[in-house]
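In structure tokens below, several structures.
Look at the two complexes coming up: subunit A is in both, with subunit B in one and subunit C in the other.
Showing the complex of A and B:
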């Protein structure tokens, strides 16, 4: 009897598998689906912001947008699998700015030219437009922008007896990295002389990533890739890069910058009062508030410049962009939605919820800057100092090799050797794209 | 007396060593467990210098547990995972035990080659076949369904291997006596072989459970919709672009570790028995 019951249970379970397989066709994103209109589908980690904008869009047009949420770190890998198998699962593609070129070279994105007028395209910040344009064709419209800003812990500076008149610094006259390092050394000597409290002088939000680390070399006049985009030889092994790398490695060895702390942990260190200065993105203001800090606890100023390179300040820029999948069955509706989300009303709904900086100066509203006052600096930087990351279809390989190099440098690797090996790796990847 | 002291000293030394090894082994479990009861700020504030409060919270809080269940609907991901596993375990056992029965008691053309082919399946990493598998499941319209999660997991080479090893110990005379009494293969399988295979059934069930509970890549590709998303994929949501919610990760990891532990412990002796009888031959 008992055995019969087990057999029946097994049979029922198998049947359930079959039934659940047949009963649900996943999404119905292909065509139709929504009552009286089409349904578009997107995979995103900005699900709340998209949901709000999509709700309004459906009311106005009858086109429904189905939002599938995933973690930030999974978007790239998941889309790679979906798109390389030419699946029509998603109509809208979220691309991290620098990945646009790679997606285009693999045939994943549809040109957006017919969904944007010239005037609309020109309204985007030039650096963002550059990132979304490949071979003179516009493929990915920027949802927003980012920028890099210096934050400081007011409490730690007070405890260390250091007073700085932060109001003296402007976009034209910033604190220098050299001055900042002196302040950091003084503060740490006072707060944690024997190093037992684990307090760092300066932390880098996205440490060892090209988004932030390259800016050190860029701020000394170094470029990210050759002008024709075909090599990094003579570029990332230039004197400007060598100087920037040597400066950084020296300060890691002195303990001013951290070693062994991963990218996002540096943020946690700042929130927990474990570092005096943190160089991170403008939207980090809201994360500081989320971590129960108030403006009594922290302040912010323009990203520092290097002495003698005051006119060459390079700040971070670029953010997620939106494109239309080349395999979508609803390209026209998707293209119109991209316009709505990046140029149209949808972007006004998206920005305050996502925390991103605007994709154009005209969108910096009082509402946004009241919610995040750091955006005032971001606006200045977007107009004056924003430095775009390398535009190349081999960005993934470029980014991986350079991130490894920065981490090796942080761990004390020989500078010449690290550079040589990185140039070799990146040029080999670029070579494959140059040939094809 | 001196000899007695030496003996006691030696014993104490061994116990001390065992305690140290125990602490080292339990640390990866204790640290996340205790950290799940504190805020992220408290966690980082007490990271250095190393002291008692680097591990033990100062202010105990349920905040992380409340947040993952209330704000992130972690309960529904647990439910999805349990449903997936409840479908996979019996399905795998039925398919693999039937296949193993055929391999163990019947002769047919290409038997050895086919068995070798099945064995190969558990030597190929999931990452290597993720792309073609996604294409296939997608073309069947099974993405974001339980069937999409379950079907590719049903034929498991390792479980098949375990069953074949175990069945090969069953005397063929038993099956022959069934035949003499007029019983068919189903009677032999369901009345003789399966009842003798309790340890291997439990072992196979536990192996499948642990593998599926920890599986990440396939659920990430095949089950992204809220209604079928599983725990491993959901935990990744606590790592955002500019923030890692460590407390949430620790709380979710603790909950998702407790369930397998409670299921595993009562069946532990069968698991060991099954592994030794199914795998190692004397």
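Showing the complex of A and C:
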């Protein structure tokens, strides 16, 4: 008898736990949390920067922002799972700039029009505003901007007996990729002739990702997508792209660029003094300091240009943007917080901690550039050479296919075959969106 | 009346005891499977076969299907044979055999992510242990392994086999232990040699174990996902882009749950077909 009672109780309690677990977050419950105020929730990898700004926001408004931290590479997948089930788990959505269009097409984001005046919207850099706008509606406000910069290891260059007057390079007169490759080869030949120390010549921070790799083709005059956004045929298989890809693959084969090393590892290689040059983002300056490097150890200069394409330099731009979940129960509060974090005082708190470049030229203050001097270059690039990534609702498919192509090229794939297959994959995805 | 109530309670007891496990199976296995089929037969929110039409007209899908079949055609038989041989070895009554059993079983206790990271470091194209070894001992040029389109899939097969064989070995070991020793004694008296004993006695007597291992191993291998996700991301040149990874990409990277669900439906049907034939083949002689 006792056994029967226990087993029935176990079964019932298990079902109860399951059923209660299936309930939605907001079902019948008051979402308000902080002393009668509302609580907003966000998933982010910039937890420290958000926490500081959110603290101030709560003091001023009584609205609490609950921050859930995750790794940078998990944000996209996690949000996809949560938002596709129309969950009200997060009120605020962190979207990588080019993903905005995809999120809007899936109905994940709420328009921000009523939370920003025209003047406020226009204060953002035009390319960032473009990334956050879909069908003339503003959906994602930029937290900041990014840029690509060349970093060099002073100690390794010194050990290799290479002296370069870096001050001669400016935005108008940059070091060329060809010159840089010569320097890298010379340095590696001196520092690690038999390859036993594992020292690389040049590393790419976001290797095999469209954010950085496409810039090689863009810097030779190649575009990212057709002007109407409906195809990549004739675009990413153009001569400019072929030249850029062949150049990169040749240098991987020669061992100047690495193979089989992830983006994160390339950063670590630079911090560990295993890499002479690293082409990475402007905010990497703060990561270098976090890794206990000082300005005695490393320096930086403008992203190189290709010989014969000096006036076509294309640098990275765009960064994470903030939007309001279409499934949030606190849309108004979330919209106001987005304004605070991107246009208001919150952005002034957020930028120095995150190391991100500002979302508009007007925000480049002395205080900011003092904290991250690389931002001086970022400011120049944002105003002169920033190149927007493809704007398309199929950006996820576009990005995945092209990243695979760049990685395959790195691993020695046939260039024509890789391009053909990538064009087919992306155009097939674009076709589905075009139909709808 | 009292008697029938007691009878009812007695009958209900097994169901009550089974309820927790059944509830878990229903919630975490059956419900998602049904939901997956429902989603797969939807296109843009309405009932339709269009998702399957789109899926079947995609070259990438057929390529993934081929990669999955190719991998399993090699991996499942390889694992079954190796597990059986390992079980035969550790079934010997020699001193210290327990230590060998533990050693063979050890890879099972390591989590797949940890194993994947260790193998990717070991087989790294840049001064990995394997390349250093084959270079210094045999003078062979560094191999791409996970970065080579011709080798990556087989490296995943090797990793999964290393990790999985110990597990299946334990089932075979239990099967071997269940064989009455008098059968072997009789065979010995009849003059059967080792090979004859193995072929005519051991293998037929562990047939039920083999059937279980075959079905379970096939299902697990067809759904193999972690090494692809953690090491190769389906590359190089889509050479490791198995269907399970394709389904994951469709659902969680491209936000197309319907295509992800349709891909999973194909996987389920594929498993059912293979398992059906496995049952047929192994029951033929019965």
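By definition in this document, the second predicted complex is superposed on the first by the 405 of 436 C-alpha atoms of A that agree within 3 Å, B and C clash if a C-alpha of one lies under 4 Å from a C-alpha of the other, contacts with A are read in each partner's own complex, and residues count from 1 in each chain.
Keep in mind that, in the parts below, contacts are C-beta pairs under 8 Å (C-beta built on N, C-alpha and C of every residue); 3 or more make two chains touch, one makes a residue touch a chain.
No experiment lies behind these values; they were computed from the predicted model shown.
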## Note on the structure
Between subunit B and subunit C, the one with more contact residues on subunit A is chain B
### Task
With the two complexes superposed on chain A, say which partner A:81 touches: subunit B (first), subunit C (second), both, or neither.
both
### Message
Just checking: does A:259 make contact with subunit B only, subunit C only, both, or neither of them? Give me first, second, both or neither.
### Response
second
### Task
State whether A:106 touches subunit B only (first), subunit C only (second), both chains, or neither.
second
### Query
Touch check for A:198: first (subunit B), second (subunit C), both, or neither?
both
### Task
Tell me which partner A:408 touches in the superposition: subunit B (first), subunit C (second), both or neither.
second
#### Entry: Which of subunit B and subunit C A:432 touches, first, second, both or neither
second
### Query
After superposition on the shared chain, which partner residues are touched by A:246: those of subunit B (first), subunit C (second), both, or neither?
neither
### Task
Examine A:189 and indicate which partner it touches, taking first as subunit B and second as subunit C; both and neither are also allowed.
neither
### Summary
Shared subunit A footprint, subunit B vs subunit C, residue numbers 3, 7, 10, 14, 18, 77, 81, 84, 196, 198
### Query
Can you name the residues of subunit C that touch subunit A in the complex?
9, 12-13, 16-17, 19-20, 23-24, 27, 44, 54, 58-60, 124-127, 144, 146-149, 233-238, 249, 251-255, 257
### Summary
Residue set of subunit A touching subunit C in the complex reads 1, 3-4, 7-8, 10-11, 14-15, 18, 76-77, 80-81, 84, 102, 106, 195-196, 198, 258-261, 396-397, 400, 404, 407-408, 410-413, 418, 421, 424-425, 428-429, 432, 436
### Query
Which positions of subunit A touch subunit B when the two form their complex?
3, 7, 9-10, 13-14, 16-18, 20-27, 43, 45, 68-74, 77-78, 81-82, 84-85, 87, 89, 196-198, 205, 264-265, 267-269, 271-274, 280-281, 283-284, 287, 290-292
### Query
Residues of subunit B touching subunit A in their complex?
40-45, 47-49, 86-87, 90-91, 93-94, 130-131, 134-135, 138, 140-148, 150-151, 154, 190-191, 194-195, 220-221, 224-226, 233, 236-237, 239-244, 246
